[in-house]
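We just call them A, B and C in the order they show up, numbering each chain from 1.
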Amino acid sequence: MSFHLEQASLTHSDGNRALENISLTAAHGERIALIGPSGAGKTSLLRLLATSLSPSSGAVSVLNHAPAQIDVNALKNLRSRIGMVHQAPPLPPRQRVITAVLAGRLGRWPLWKSLLSLLYPLDIIGAHQQLARMGIADRLYDRCDKLSGGQLQRVGVARVLYQQPDLILADEPVSAVDPTLADQVLVELLVETRSRQVTLIASLHAVDLALKHFPRIVGLRAGHIIFDLPAQQITAALLRDLYATEGTLPTQDNRPLMLP
Amino acid sequence: MKQNMPPRPRYCLTCAATLCALMVAVIGSFWYLSLEVGGLFTAASLRHIAQFVGSFFPADFSHAHTAKIWQGALETLAISALGTLLAVIVGMLLALPASGRAGRIAKSLTRFLLNFLRSVPELVWATLMVLAAGLGPFAGTLALALHTSGVLGRLFAETLENTPTAAAAALADSGAVATTAFFYGTLPQVLPQLLAYSLYRWEMNIRMAAVLGFVGAGGLGQMLYFSLSLFQMPQACTVILAMLFLVAVVDGSSAWLRKLLA
Amino acid sequence: MNPRTPPRDPALLPRLSLTVLALAVLWPMLLLAEFNPAALFDAKNLKVMRHFLATFLPPDFSPDFLQLIATATLETLAIATAGIALAMCLGVPLALIATRSLSLSQIAMRADSRRWQGSDALRWAGRGVLMLLRGIPEIVWALLLVRALGLGPAAGVLALAITYSGMLGKVYAEILESGDARPTLALLESGSGRLAALGYGLLPGVLRELTSYTVYRWECAVRASIIMGFVGAGGLGQLMELSMRMLNGGEVVTIFITFLLMVMLADGISHVLRKMT
């Protein structure tokens, strides 16, 4: 079992009740898309799975470990097996792309290797491979602040791919990426799941992308799971209900949604 | 028909009182020091000053003296550079706990230490270091290092506190230890600011290093002190010119380095 | 799909050469500075330090000494205040000469460059003078003036006056230039004299910044007066130098405590004055 949430609730420190009684389970190698209106709690859910946040109530189990109960070293090892793609990539502006990508394995490298790699990158070929999959291999030695928003997002994804985690959590991984490239990025993420039995759960704003690439769709609204269904069983009525507060259904190019 | 004028604005009593107090302070200072500014401008004292200034020229540019000055200048440069370098290292080490990364007690203790280091003026440190390590440039280096560690440590700690933690937090979330997260996530963001502070401090320190020699800490300062004690004014003049030249060199190098590393 | 082999790291060569350069410079630097940590543990030095540190406690709180400290503190404050006052007398006129914000060439009708060259030259001369005044640290002036005028506060006051007039002048000129130029220009264009344009147009906007900087400089002057005392320019610094020379730790501690209190007091006064404007 890849992860298991049992009646997990999360209230942020400012009193905002982000998640209410979430129960969600995933097996190894599953591909799940998380959709819902803004403020539904998608990011909070992903952060909960990433062990960045602790639930206010309920149980969390990730990769067969309960993050709240294991010691510091075990937690560190657990986290090195979880890869999080952030919506706004947390990359220092002046850092070069190659260092940013290599930082993916810091959880596994010994200290001397991490520090040495700062002076001279120790795995240029490995980083180059991942960047090539994202279509930005030529930006290998550029500084992060010289990249566009979409390119930075792809660097973030490349870093997670380089990390080779057992669970990938993607928070709006293609929100700033060009529509033609968004497909390529998602395809690469899915290829990764197939080749190494990696679980992927991605929150997506564009519903058409979710339906196109993911076999299992979870709909979240106001901290509650509204539905958890295979993609074929998603109906227009369900989606309208989910996005009632936003009015329209968000899609990649703002074109109307075609449902089978 | 007579119009009603708006009432006159209220008189600012505190403003008037402060101005009065300032004037009293200034005049009082002159009176307390028994300084007669007028006494400076009498014919006799002006002649005395002119004589004093004249004794400096022509400056001594003889080969022997210039060689000594060259040595002294290099010594002063080394004192300032090494002192600043040591301060950068120590300051960085102290800034980590001082920015709260090791708990509140460590933060208070290191902040207190940093404040102490920078409150003691460099000259006082130099006098102490001459006792601890003997006369010569090493005492000067230590004095600059101690004082500047306090200054840079505090500046570094403030910079660290104001840095966004998202990058380092993301790395910690994927299993990196605190040290690695710092080097990959925090340091790249603060490095330009740290370098700017350090280079600025070097510019201050070259001026200070020239002067620490007055208490025996080597360099051009020590030469100036000796020349003046022996009333060798032309030699003293060359030393002062060398000091000005050294300051210009360091200011220029610092500006060049700043542009290079930006 | 097999990607091409990636290019080598372009940062390798610059980083390597910078490291080699730094090491090449570091070695002679250590030699020139006579870097010798062993000297700190030399038996003779340790003995002197131990004796000196032993005298630190108890601090000297005897009434005679405290009276000496009180006089010295007042003297230091007086040196700083008198020095700043004199510095302003010299610095303000120089600032007005050096600043561009009162230049009539800004509103010239004709682009007659020859006419304005004279005033440009005057401005550059003013800036040059300010730079010269700032160039030599005040403690060097203090050392020279002690030779000329003898031990005592006069040397300190003059040294402050000379160097700080350069600093005040430069920053005043810059503050005047950074203020909003339009009111001043409008007044100059309607025929106002330059000083009047300053008073009515520029000053109201920049007064706060000018006072803030002047008060900050006074704080620095208090600290500088103590330092200059070390070379004989009176005040608390001269007292401390004497005590240190006689290795009287108790007196040094008391003076140092006074010094800290004074710096805090100057900090406080500066804070209050800056809040008021």
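Assume a contact is a pair of C-beta atoms (placed from the backbone, for glycine too) under 8 Å apart; a residue touches a chain by one contact, two chains touch by 3 or more.
Bear in mind that the values here come from a model prediction, so they are computed numbers and not experimental data.
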item	value
Overall pattern in which the protein chains touch one another (line/ring/star/complete/other)	complete
Chain at the geometric heart of the assembly (C-alpha centres)	B
Centre-of-Cα separation between chain B and chain A, whole angstrom	50
Separation of mean Cα positions, chain C and chain B [Å, integer]	9
Chain centre separation (chain A, chain C; CA means) in Å	54
Residues of chain A touching at least two other chains	none
Chain C to chain B touching residues, read off their complex	28-30, 32-36, 39-40, 42, 45, 48-49, 52, 74-75, 77-79, 81-82, 85-86, 135-137, 139-140, 143-144, 147-148, 153-154, 157, 223, 226-227, 230-231, 240-241, 244, 256, 259-260, 263, 273, 276
Residue numbers on chain B that touch chain A, as the complex places them	166-167, 169-177, 179-181, 183-186, 188-189, 191-192
Complex interface listing, chain A residues touching chain B	50-52, 76-84, 86, 88, 90-95, 99, 103-104, 106-109, 111, 114-115, 118, 163, 165
Chain C-touching residues of chain A, taken from the complex the two chains share	96, 98, 119-121, 124-125, 127-129, 132, 137, 140-141
Footprint of chain A on chain C - complex, ascending	1, 3, 5-12, 15
